[in-house]
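Chain nomenclature is as follows: A, B, C and D, assigned in order of appearance, with residue numbering initiated at 1 for each chain independently.
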């Protein structure tokens, strides 16, 4: 399980690194211009931690450590909220993938909503988690292609939303017309996650 | 980007290293973490420690206010990012032997979420930490929704006055109660004139036309009342004060403490001219001025702009405002 | 031009009006002229009054330094223009009952000519006023020609230390003698990063490429060692300190007071990083640091840049440096 | 005599007003960009003084007052040095024009040299006074056309000089290639002066 997480986080980090300036530009338009740098900092911290340390007891404590490290190194609104998923994933069970993913998503969503005082449609990365959660339930299985498609749709949808959380809520435009930066980074992380799940299932 | 820095990733650590070295008579790194700056001399257990966590890039606030009469510790986040709840909790734990601890939080979502998390962590370990959420920026939410407002430069009154009160041995309830009164009686409105440069991205933080100013912008470029053409100082100031007077019911004879804060590249010359116009406006309404504060305290890098904060003061507040403090970067 | 001002012609008067209103506990207009700012409380006749005339636009210097422990009066010129000898003489005359008066002059030709004229006018009326010409900027004249150098941020050491000495009742000879020692032991080098805007013309004060800095520029955009590409702070600081170390013979064990001054729009974050690098450089040579000063004190409007000044100090200088002062805009 | 001074100063002020921004631009290139504004401030102060006050005893005290007012309102390097000429002109004698102008020039030049620690060729407005003084001596009379020509030549000549006084001395270029701003304003003031002298002589 720990190996799974390492692979997934490493891949996410790579893709975020390719895109972090683009994400900064999105946050530049509707926030303070740092989200790409922030999420990259968190992921790089995680990767370098498990590259230099080898003794991890179990998946729960591993992901606890990782999520805390990321939260501390990221800080801000995104650090505390985006690492919830990472922490919840400690309970992921490869022997009961579908169900444990559903649980992870529903716990993640509840905790983000509570901590972030945020709802679906408020223009945040929650607008990615919720549709994917629904998609998973509706499909009754993990269909990579459908999920990827849904992620892209949901991401695009954030463009049309008025921000009711985050810094963009203070803009005249409420951020309409710009993809939410947190949703963008989340789309990368979730795509990498489901690709890795797919690999696991096909092994 | 033309900033005098070394490695981009070490900006905050390099800065704190310079800060602690240069003011080693008053501040030090906490023993546990170099992102927590404490007073040099710990106080007796009867004092309620006052802490805040905040994103950096706005210096001198808040790291420059650690010391006798103001903060007991500051937990320093990255540029424009609140520190994590975990880190704030580390800061709180330093004072775990005190019977209570006050965590100030400026009302920005990252600061609030992380601050609340830290308070929960403290509760889990039976540490009695309470938080006070500070807000004052009238451009960020309408009258009636005061608690939705962002924390702006007017939060300074809370730092200074509660800092002085806690030195006198006040308990946490007294601090929270006076803190609430200060917040209820503070109004701030800011103006952005030119964008500073983000040290992270090297880009300008916002855009604005050559002949425009932006009334009500937040410290990270958040929007407010919107753009207008630049005008003479007197006109801008009376526009702003009209807004503040619409929001708060000042009465003839009120005694107000004004704070004119520079955002980074506006000059002291301009801040003093602004104060001159402000004084004329207030005196028209027969509002008295008590010991104003005028300088750059809450900056957004090299942004041009300023804010006006008014505290409609009680006698107790005024007395505490004047109490001596000894911190590197706060001076009446 | 985006400056928050009213009528262009009244900038200085509006600013002084705001200044005196806001710090009325410590400063006042002289009774004879609103361009002369005095301490609120006149001192006993045994104290040698210390005065300076200087162009404005560089605030907080020097008007912000009037008060106990520093200046007795400041004669304020127009933006970037020394006040006339006539006006400086008016300032001197306020103290005509004192047995002697010290006029500080920062070495810029307008300041020197007008200061010398004022001294001559005083002599004509049997007022014993002496002047001390201050210089420190190593970029403005080579080693050996020190007295040709411009006055830069390092003149701050003279204001503060002689201010403290005069409070202790020193006579004019003692003041001049210690003043000379301070000047002999002070070296300053500055860097310009981005031009400020002249409030008179609305134009940028100088031009510089987006990736360049200018080592040795004077406070009015005067030239020095020339342009170079921007580099990491450590590299710039060691380039600058190498120049200073070429100019002055520091020895292991020397105790130096450093002053890192911001020119206007450079952030405190950068000044602290610069100090951190400076401290590392000095410690390599086993030079000790004594109570540094780090902030914006001598500005050129909103120019980006900074200067480093080092005073190789004696024990007497260090003691006086730490003496309390109470002026609106100088704080160790 | 006082009327003469008033006319001359009024005319100078008019022409400076038309040119002050150009003079600022010269000072912008090799100084701090304020000389046009400074000299205009001085002349306007003088004009408004004698427009609003009528009781002046004699030419000496009149020009003393005027020069002091200008010096105070101008300040800086130019205020103290450029008003020397105005003060000296108090002794101008319409009945002995040629000789009193020579005396005025020679006193002015000496005083500027002493106060300004400046020599001919240092790139300052002294580089206008000295050639005109010579021209006057050589011609043995006041020849307006020759003087105007000489002023223009001398002004142009300052372009080629390296500054050894004033702020331009600190430039890499020493100001070479730019007309000295103080010389420019002086050229206007002296042209107006000699035009007015010419009018007097032709009356």
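By our rule, a residue touches a chain if its C-beta (ideal position, glycine included) is under 8 Å from a C-beta of that chain, and two chains touch if they have at least 3 such contacts.
Note that the coordinates shown come from a computational prediction; the quantities given were computed from them, not determined experimentally.
Under the contact definition stated at the top, no chain borders both subunit A and subunit D.
As a whole-number value, the distance joining the C-alpha centres of subunit B and subunit C reads 29 Å. Chain centres here are Cα averages; for subunit C and subunit D they lie 32 Å apart. Each chain gets one centre point, the mean of its Cα atoms, and the points for subunit A and subunit C are 54 Å apart.
Shown for subunit C are the residues in touch with two or more other chains, of which there are none. Contacting chain pairs in the structure are A-B, B-C, C-D. Subunit C meets subunit B in the complex at residues 2-7, 11, 14-19, 21-22, 25, 56-57, 59-60, 64, 191, 193-194, 199, 210-211, 213, 230, 232-234, 236, 264-277, 279, 289, 291-292, 294-296, 299, 301-302, 304, 306, 329, 331. By the touch rule above, subunit C contacts subunit D in their complex via residues 55, 77-87, 109-110, 113-114, 116-117, 140, 150, 198, 200-201, 203, 205, 218, 220-224, 226. On the side of subunit D, the complex with subunit C involves touching residues 21, 24, 28, 31-34, 37-38, 41, 68, 71-72, 74-81, 115-116, 165-167, 170-172.
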